[in-house]
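Going by the order they are written in, the chains are A, B, C, D, E and F; count residues from 1 in each one.
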Amino acid sequence: MKRLDLIFSERELQSVIIALEKCGATGYSVTKHVTGKGPNSLVSEDMEFTGLGTNAHVIIFCDDSLIEKLKPILDPILNYYGGVAYVSEATPL
Amino acid sequence: MDSSLILQNVLTPPVLFFFLGTIAVLVKSDLEIPAPLPKLFSLYLLLAIGFKGGLELQKSGLYGQVLPTVSSAVLMSLIIPLLCFVILRIKFDVFNSAAIAAAYGSISAVTFITAESFLENQGIPFDGFMVAALALMESPAIIVGLLLVKLGANKTRPGSSQIRLRGILHEAMLNGSAYLLLGSLLIGFITAAHNPSAIAKMQPFTGNLFYGAECFFLLDMGIVAAQRLPSLKKTGSFLIGFAIAMPIINAFLGVLVARALTLSPGNALLFVVLCASASYLAVPAAMRMTVPEAKSSYYISTTLGLTFPFNIVFGIPVYMGLVNKLIPIAN
Amino acid sequence: MDSSLILQNVLTPPVLFFFLGTIAVLVKSDLEIPAPLPKLFSLYLLLAIGFKGGLELQKSGLYGQVLPTVSSAVLMSLIIPLLCFVILRIKFDVFNSAAIAAAYGSISAVTFITAESFLENQGIPFDGFMVAALALMESPAIIVGLLLVKLGANKTRPGSSQIRLRGILHEAMLNGSAYLLLGSLLIGFITAAHNPSAIAKMQPFTGNLFYGAECFFLLDMGIVAAQRLPSLKKTGSFLIGFAIAMPIINAFLGVLVARALTLSPGNALLFVVLCASASYLAVPAAMRMTVPEAKSSYYISTTLGLTFPFNIVFGIPVYMGLVNKLIPIAN
Amino acid sequence: MKRLDLIFSERELQSVIIALEKCGATGYSVTKHVTGKGPNSLVSEDMEFTGLGTNAHVIIFCDDSLIEKLKPILDPILNYYGGVAYVSEATPL
Amino acid sequence: MDSSLILQNVLTPPVLFFFLGTIAVLVKSDLEIPAPLPKLFSLYLLLAIGFKGGLELQKSGLYGQVLPTVSSAVLMSLIIPLLCFVILRIKFDVFNSAAIAAAYGSISAVTFITAESFLENQGIPFDGFMVAALALMESPAIIVGLLLVKLGANKTRPGSSQIRLRGILHEAMLNGSAYLLLGSLLIGFITAAHNPSAIAKMQPFTGNLFYGAECFFLLDMGIVAAQRLPSLKKTGSFLIGFAIAMPIINAFLGVLVARALTLSPGNALLFVVLCASASYLAVPAAMRMTVPEAKSSYYISTTLGLTFPFNIVFGIPVYMGLVNKLIPIAN
Amino acid sequence: MKRLDLIFSERELQSVIIALEKCGATGYSVTKHVTGKGPNSLVSEDMEFTGLGTNAHVIIFCDDSLIEKLKPILDPILNYYGGVAYVSEATPL
């Protein structure tokens, strides 16, 4: 099975979750309050009170097939708003 | 005279706590106020200022200077971003110009609060209805900014479809801080009308605690502002100049309008501060969603790192001096 | 008459802030009160209400109506879950029925607090010892719920071994909110007895601040309740009907008992509200641990999303009308 | 070496940590305030003040042998109370 | 007589809430105060105690007993860690000895606050300038600790290069809690001098709220202290004995100095409590950075898990008895 | 590509980030408030108010070459102050 890690602004969390559910993901986990830096952005803790918001880290353990379905939906969101998505191998305990 | 006003302003607890925060960063102290505590104080201040404004708005009614003042304030928040946009376009693209312009057209509630404290400290009276101007000036500049993007930007940008008029109004009116401020204003208004006994029960929370909470929040704002300073180097000197000069220009425009409205010195200062201050709550939240092409560090670092400290420390007393000079005392 | 009471209730700051939160979700404002700020207010309210109750319990002593009222309250929190269980078994398995029944047998401290504010607003007196009833009604329903599971469920369920009587008592008495409420009650009681000078020093924190903090918390509860609405669709119409009808039935039972106890109108309303309200703090925490077979969305979404708003907005004034009709004013 | 990711309700955190220590884990890391969705549950931020609690994400870097030891202890907990456990490859820097 | 003082101390709200927290852990209640709420209260208490101290320092001026008392306090915070170091070296290496010694040479603001509440409760007067002693005793012990490491440790340790004198002073003076305390003291001082009208406006926040916030924080400290108990088993009986005996020895030294200074009973108690208390805020933060070789569980578990509770519950009344016995009442 | 997971005390966060930027990392993400246990330390939630601080979890998605550059800089920090660093495989979505 696969593990998909998504890190992007929490402002897009809602649309990413809708995308996940539309593609039939059975589960996902979300960690908020993630800060960081990317080629286009610096996200710091003080952005939380300004309303800009910090990042969310979404982890999805799923079959390879879901990854294929998610790619065309997530790519445009992450390209337009920023964020990263990486896939690795994972096996259930 | 101005310099004595500046000194008097600097020696009040809110400004002193702001400095305490700033210096903490400069001397590399590890003092920090972790999230979400700043959010707690920011929500509290919006709720309290809104509620108190609502109470007083109900007392004063919508007569006399209230409607002209509030409408002029809204008008200013439509004109100022246009002016800013023209100036910013010299150096920046449509996206960044519109986003920064929207920030400077909108307002900073904490600057307003600090100006109120300054007036109380100076014993200069002002009216509660100015909070209504505060609440109503938060959103229009966002609308102007988004319309500027819609008109000025390449029609085929991927997100263009998202900026519908409904979406623009939604972002402008319903972002958390504008919504809480307006909602609390309304609740204060209703409470004063239908439930006056509840006013005294709210007073310890929304009234008595306010000054101390303001100090605590300004301590954090001092930290945040100073942390923004390094990233200002990357924004370039044009924007740095803009972040100081524009508030002064806007303040000057504000004084002229306040004079035309024959506002009292206290109300005039608050009016001027609304014009001169820039938003780091409502506008960034809206711009991040609708104009991701704009660099958030531009509009956040200038408003938080330069304009806010400038207004808090120098702006308020300088604008007071301006008001005293240009507006003949009526009563 | 009831509708005027409802209107008077709706126009108080706590209920207005509750609406402000609800509407924020409905109009998709991005207003949010991030964790753990709601926890801060929830801990504060439990501590303050407990402390104040303890002070007054010490003043009033355990004489007169105190013991009969408190014992009847505990009795109600044993009977109500049984009644609920029988009704719920029509549609649900033992696990879900027991968990939901426990929630409705227990109480909601914030509903109680809002009822107190309603009484104060109406100028109707009530006694501090009712907080003792509040504190003691939190746990018994949990015990009933867990015993129902122990008796009703298949003996071979994997977790059955864990539900020992000691474990049940532990979950019931020592969950955070029940513990803090009871502990603060005790501290208030001891303080009033041995250290009366400390009462005045606690007053600004536990007393004066209370009403405003209640408003802030209800703003959050409005957000939370509205966020629960979508998931109510999945719970089915039986449970939706239950979440509205059951409080009314329990309130009716409560009025009859309050009448038999010859409680004053104020105390009677609080007694009724304890019967009619449902727990979303202590009970879910206990059920999650001991009856994981029950769907938490059932007992959380109904109590938070329906019963709580219903009681806050309509229930309290309607129950007041009921009390006024069915209980002859003694004094 | 292996990396084990456990995501489950923070209410079971204590028993999972006891299991880890019993099996001789030399280290682990815990991130709380994780929300998410699984086949059986929806965990949202507001559960934090209700006492239901949100999820915890536990990461353990360890040898393959520890994974074998943990499996029979963790499986029943995660099956009864819910939660996921995934193993992937990891090498020390 | 001491035992009646202990009882009187134990029956005050702050100590009762401390017990409530401790017992919550012992009976395995799931009561918890999630991060960063303890930080909020800790920041608030430092800000408020500093501000209040600054106000009173301005009133009293730097005359009379102020300078001798404050200098003696600083002297004590240089001597005590040396004494502790010698004792600790019997069992521990240089790193651990220095780190623990620094903690016991420095102070605990919350112990000081609880002692103030004790005095107020007993109706014993004390002076505001003692807060200056509190603020100035936080850092010197850190310097002593780091110098001891620099002198005593193997010169070739990897981090040795980092401990320059500048670094030592930085860690000592600029860690968050020392900085906030000193800064707020200064702001209070300036406010009292230049802006007396602002004092009344700060009072609801820094004054009235203080006692309740202290109780809330002590509830959390009770939880934290009890959670530290299991890890004390691993620290060994020598350190456990040290954590109880050392405060008493330091208190004794403190009484002698207070007697020589002819302090009033109230000031004497505060002086003694400063000597007897140990730091769990400033010192651990500094030691973690500069002496990572020391086991943080040693200096945190003893100060938080033993010395703090001991001082809060028994120490303060016992030291009061000592003061009463050894210091002849002057006025 | 690679995924690098660093877990260590937030007190060293600043120096680790400086190291990352010096080596030319284009991005990283930080989760704070991580607790845990290692061979040398127990980090619990209450350390947040004492000033000791809890742990930070830094994730870096990067090329193999960056890993090589980071190793000699991060190793001494983690060895002296404590903390773990693990590398695994990851491919962009």
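Quick note on the criterion: contacts are C-beta pairs under 8 Å (C-beta built on N, C-alpha and C of every residue); 3 or more make two chains touch, one makes a residue touch a chain.
What you see is a predicted model; the values in this text were computed from it and never measured.
A.B. asks: Compare the CA centroid of subunit B with every other chain's and tell me the farthest one.
C.D. replies: Of all the other chains, the one whose centre lies farthest from subunit B is D.
A.B. asks: Using only Cα atoms to place each chain's centre, name the chain farthest from subunit F.
C.D. replies: C
A.B. asks: In whole angstrom, how far does the Cα centroid of subunit B sit from the Cα centroid of subunit E?
C.D. replies: Computed value for the inter-centroid distance: 41 Å.
A.B. asks: Any idea how many Å lie between the Cα centroids of subunit C and subunit F?
C.D. replies: 45
A.B. asks: Provide the list of subunit A residues touching at least two other chains, using ranges where the numbers run on.
C.D. replies: Counting only residues that touch two or more other chains, subunit A contributes 31, 33, 45, 48, 51, 88-89.
A.B. asks: Hey, what residues on subunit B touch two or more of the other chains?
C.D. replies: Answer for subunit B, listing residues that touch two or more other chains: 30, 34-36, 39-40, 175-176, 204, 208-209, 285.
A.B. asks: Using the touch rule from the top, collect the residues of subunit A that touch subunit F in their complex.
C.D. replies: Counting only subunit A, the residues touching subunit F are 4-5, 7, 31, 33-39, 45, 55, 57, 67, 70-71, 74-75, 84-89.
A.B. asks: Using the touch definition up top, name the residues of subunit C that touch subunit D in the complex.
C.D. replies: Checking each residue of subunit C against subunit D gives 34-36, 38-39, 42, 158-159, 175-177, 224, 227, 231, 280-282, 284-285, 288-289, 292, 296-297, 300, 304.
A.B. asks: For the complex, give me every residue of subunit F touching subunit A.
C.D. replies: Touching subunit A: residues 1, 3, 26-33, 59, 61, 88-93 of subunit F.
A.B. asks: Taking the touch rule as given, give the residues of subunit A at its contact with subunit B in the complex, in rising order.
C.D. replies: 9, 11, 33, 41-42, 44-54, 76, 80-82
A.B. asks: Applying the document's contact rule, which stretches of subunit B touch subunit E when the two form their complex?
C.D. replies: Touching subunit E from subunit B are residues 8, 11-13, 16-17, 20, 23-24, 27-37, 40, 120-121, 204, 208-209, 211-213, 215-216, 219.
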